[in-house]
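Below is the structure I would like to discuss, written out as structure tokens.
As written, the chain order gives the labels A, B, C, D and E, with residue 1 at the start of each chain.
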């Protein structure tokens, strides 16, 4: 079966600092490689989680897929068709996104209704006379009272805003929904209902979902499959169940060890990973995790391990993967 | 979890979600705004009803009765052509107020447009607009007004064009900064992901939210425009006579300050009070919006 | 208790906001023993951070504070919340955002040296040495080099370590932590928690740790106080509270957080949103969101009731709770 | 790229600006109605004579050629030649710069002397009566036309106290000092409110920042807190404010020099414009623009020195 | 065209006479010269005294400081003026204030007398004009020398003549002089033809004597640091800035100048001038605008003889003022008394288009325009614009007096339905538009600077009838007729004809006649001014 969403050799780099200044000094033009040569596929209806710490490139990856950041090299295709630099309105519609920060993800000067109606109108999703009705349906879909259609974002709570954010994404009836840290900024008590809603919508609407988060637990809760990223690379790509049962990459294991857990007391001075990630502008040779890896050996310094494994969705990028 | 809205107090996050609808915004305005609004309203009423309020024709000359001291007939005396000073002061509001307001609004409109284009389109548009802004900012206003008065003739038109050409820079910088900030906010990203056109995004999603900052700046610019108008009148580049205008009245009255001190002093005070009123509104709004 | 280091009794904080008086912290009482770590948990707007700032007298100007604060290091009588007496004397604080909490125009070494200079009268050279020593203590690699750096040149984790070193420079007996790991990546958070645990044991320092993350508090603290809408709703030893919450809010919070240790079950969360300090409901403040709500909840007045030996709850119907396991 | 890099970049940026300024200055001459040749040849010169003059002055060359020549001359420090006074423009302007420098330095100093204590006081006493009074006075000062203020000061002060001369610049340094006080004060009354307002806002935002909480929690208080933590951080934006103010001060100088009969560049530009001495007007304009640009540049450089973060913003 | 050159701007026509200023020892301008009338020719070249009977009596002035020889000397004379000095190139100076200053440094051979009717000695002690021999013979003062010590010689005068002739504005005014020779104190000018204008020209500031070859400097260097044989030397100067003149130690007249130093400042602000004057920081405020003169102590206002003419030119080259009825309507609608009142009583109703109080002045043959609204309406009704019209009036916005007059006119004309738009222009722009006759109406002021009516006639011609665009050929013809005229009556008839031309067509009309004014401190003695406001610094002393 051909993959629904196919990411191939995707690389995204950003220019940092002044190219002119660098040239004057004879330095190479400083480029930050945010996403480095990543390849994976997502099936229709699948829910893929992408997890990693800040600066690992997970958000850039999401934004590259939605077309918010230009792709440096590689390709993205959806349902066999390319998602290139220039996308038609109809193509754009198919990939939608839910953003992290509920305080900035809604236009503060627009009511909920205008926010939704604008999209319906511009994309001619429904006939003009059906717009009001469709707005109401969307509110139902995200379990918000219709009375809030007249509200402006600042009078909504964080959870309500995030639901509006989801409604906005769904208004365009997309095939793929990318949720970028969709609950990270929400109060703890409000996170769960939003996560539940996303799960439920995926089933009801047959959405393909990419869920991006730094929180392993959240990813586990919503995803069928998880890609772990570290410094622009995918280091592990496995089904959720497998990954959490037997993480293979030392980084995945360290992440899990570092996450706070109920009922476990921290021992003085103890930590799961030593040191801090190196600068993305000054990457170590070989395996990027090598300087912090407890298992690192000489080969790790010389050869960058490929993301490989038994199948497309059973891959690890490590010379010494943990075999559990 | 990061909450970028978190300020030192954790109640601030709640604040930003608080139900602050527009009505409450107005209710909670500081007293100074109301004082300022009252002052400005009085001036506006004076401007509107000047023909009813003025005891005399502000242009009617009576050279035989020039430089008269205040009397029952001429409450503030007469000027050097025997015109009633009180009537002229009242009528002057019809010149100074519109120029003050327009002199701030027009640059705001131009600055908003240019700043928005610069911020939103970036690249050479940005470079062009902002470097022009640098040059304009470095340029002495006086020269520009002189050139414009040469080219367009003396009068409100030249003054307004000069203000617009000079003062847009501030607005452009504010708007550009705001646009750059808002351009990276998620709701703009969302609009882009949704495939909305750039112009639509700029118009509907970026500008309405960027414009608040300029509104705060507007009152002080109104004061500045009023003062600049007065200064240009003083230098003989303002509104041509005999149209009453406060700055010109100061300039005309100034030679007589030893004998008829009120001629120059009162229009000055009137400008000060107007400026105070406008500034109070500005300060109050700023306080309300920024805490 | 003789080894009590801090006693906060009936703390209330009233602020003016938009011309209206609000009381985001009401009747909060907490106490802390020597070397003990207390966690204060709660969501945004619950007053946890403000409670912390009251203790160290860092309230915004115009705040009205009621209640007593006894800081029993060297005195018995209550001291005023506004007083600057505690600054640098026994209590120190670290904040959530190490970037904004460090003076951007001061080299980090100089900042850490401020405390020793002011309180111990060290001269510049001595203070600098002390600063480097402290930086080493909090695990900053090559402290001599880093002491000369500006805050913005450091990573988030290092900044938080600098912040801790600065706090330690006053040799505090009590360290207040205001969500110090929230802005950090999970691996760095893990390191900082380890560091705090280590410092606590090594320096016999008490800690109050404020966080919205129950699990983090669980890893570090002995006791926990759960706050909701400006009030403490439950207090007790961490393990006991987690195992058997006695307040519906505590219970609901625990149901809200997914865990990657356990297999997926449906999370419940809590309907609605935490109330704004300007509009706390009457009666039990959690009642509008509570699944066990009864009629009398709407009129219940706030009181913490002792349940068992070491636990207190603010719920008038603790018997209704199902418990975590059920 | 470091702070040195920032300064270098900032300097590089001024080059196109310089060209822009020179272009605009050049355009002033082009768009001003009236014939420069007539200026030289006399009002009733014949067309042939005018033509001769035009040829001599190169006015018949294309605008581009003229601009190129002007740029070249300016780069060589040649601001042109006043046909009226038979002097190089630079020589006409130079003596006036001294006087205006006195005025500007006096104005800036007085502005700072007034605004720094008041701004700091207002911030420290935020929302208390002191704050309200200072801000109220500021608003009044902000709304006063400076030529009006100047005359009032002349009448109320200069005519009553012999110490203050009623105008002019005097001959000795002591005279200069006395002469400059009232004009400087007039400038300061107009500009101090801006600085007070800006400084107050900046101080408040600094004082409400987390790192001040940090400092206070470390036991830093009183003067040490204000000096090492508050002022240090408020200084950068404060300097930018002052720099922006210089532009307004220059405009103020045009008016105030007229009021106080100070033969500085402000008065000079008015007189040169009235006399249609266009090369001189150009010279003044260029001077004004260069000063403003230099002040902004200086402010940015000081910012870069004061604020270690500048390099990331660059 | 030679004629046009000659008559350029302020060229003046002198009569055949050679005046002989027999200077008394101290050399001050005596009251007697003021009352002697301008010399008039007889054909023989001898001099006879002319009478001033036919001219309007000069306004007698009760000005302060006009006492006889000052007793004290030393001190600094401080002068402020609203206008900027405009450089040392005598040919291109346009401001009255410049003329005063030029003469103080580069003194001409002869000076005009304070009464404006005759001549006084300058560098030359005596002068004889012989129209038959076509020579003028000057005898220099004993010891006349430039400030660098070099004696003034014929070569210097000859050199100066070349420089004068090269000037774009006035060059040509000296065309009649073909050679200059002389030895010792004697300088002889040879003329190509009899020239009535030459003596007045030589008395003007445009005829200052410069050292030969600019005393070794280049032209530009010289104009930067000029050298003359006048009573003062330039110490410091700039355009629009301060000018400091120091006493010339080599000055030929014993005892003069009385003051050691003259400091001239430009103070454009009227209030500031007033304050400086009252506080004693300045001794003289030159050319007070009439509207602010009332602010000075009347005993300290020096009122020159009535001479200044405020005038209005209406552009006949285009509608609507190509319509003579409209022009007349305007002329009858102006409230001349109101203009006078607006200008502090210093400007009375006009008597014509020629500035009065000069030799051979004559009124129009009919009474001049006075306000008569009925007549104005009647004229308007006959015009193409019976319902009124909208027109623009141009004036120099830097001139407060003209701005005031414009406002009075606006109010007056509004009464007959003529809607006046006031366009105040910056001086340069104003002049540009005025001289290209590019305005509906132009308001300005002029005063002749010579004691003959030919001077205003030339001015009218040079300005195309005060910027109205009316043809000037007739005027030139009249001018030549005037120059050839033999008797006063003939000349006065010509003056009347000029007046009538303007009166009948009303294209250029006078709207107010007044005096130039100076504020002069009581502490000065020896201040005497010609009707057009010119005075000499070296006759002034500071007392007390």
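Note that contacts are C-beta pairs under 8 Å (C-beta built on N, C-alpha and C of every residue); 3 or more make two chains touch, one makes a residue touch a chain.
All values derive from a computational prediction rather than experimental measurement.
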For chain C and chain E, the contact-path distance works out to 2
Taking each chain's centre as the mean of its CA atoms, the one lying farthest from the centre of chain C is chain E
Distance between the CA centroids of chain B and chain E (whole Å) is 47
Cα centre of chain A to Cα centre of chain D, whole Å, reads 52
In chain B, the residues touching two or more other chains are 1-3, 8, 17-20, 146, 150, 254, 257-258
Residue ranges of chain A touching at least 2 other chains are 157-158, 215
Note: chain C residues in touch with at least two other chains are 44, 53, 60, 95, 97, 212-213, 273-274
Chain E contacts chain D in the complex at 8-9, 80, 84, 86-89, 91-92, 94, 167-169, 219-220, 223-224, 238-242, 265-269, 271-273, 275-276, 279, 281, 398, 426-429, 431-432, 435, 462
Residue set of chain A touching chain C in the complex reads 53-54, 157-160, 187-193, 195-196, 214-221, 244, 254-274, 276
Counting only contacts in the complex, chain D reaches chain B at residues 16-17, 20-21, 24, 28, 31-34, 135, 139-140, 142-148, 151-152, 155, 208-210, 213, 247, 250-251, 254-255, 258, 269-270, 273, 281, 284-285, 288-290, 292-293, 296
Given the complex, residues on chain B that touch chain D span 8, 131-132, 134-135, 137-143, 146-147, 150-151, 220, 223, 227, 230-231, 234-235, 247, 250-251, 254, 257-258, 261, 264-265, 268, 271-276, 279-280, 283
The chain C residues in contact with chain A across the complex are 43-44, 155, 157-158, 185-191, 193-195, 197-198, 200-202, 212-216, 218-220, 239, 242, 252-253, 255-261, 264, 266-274, 289
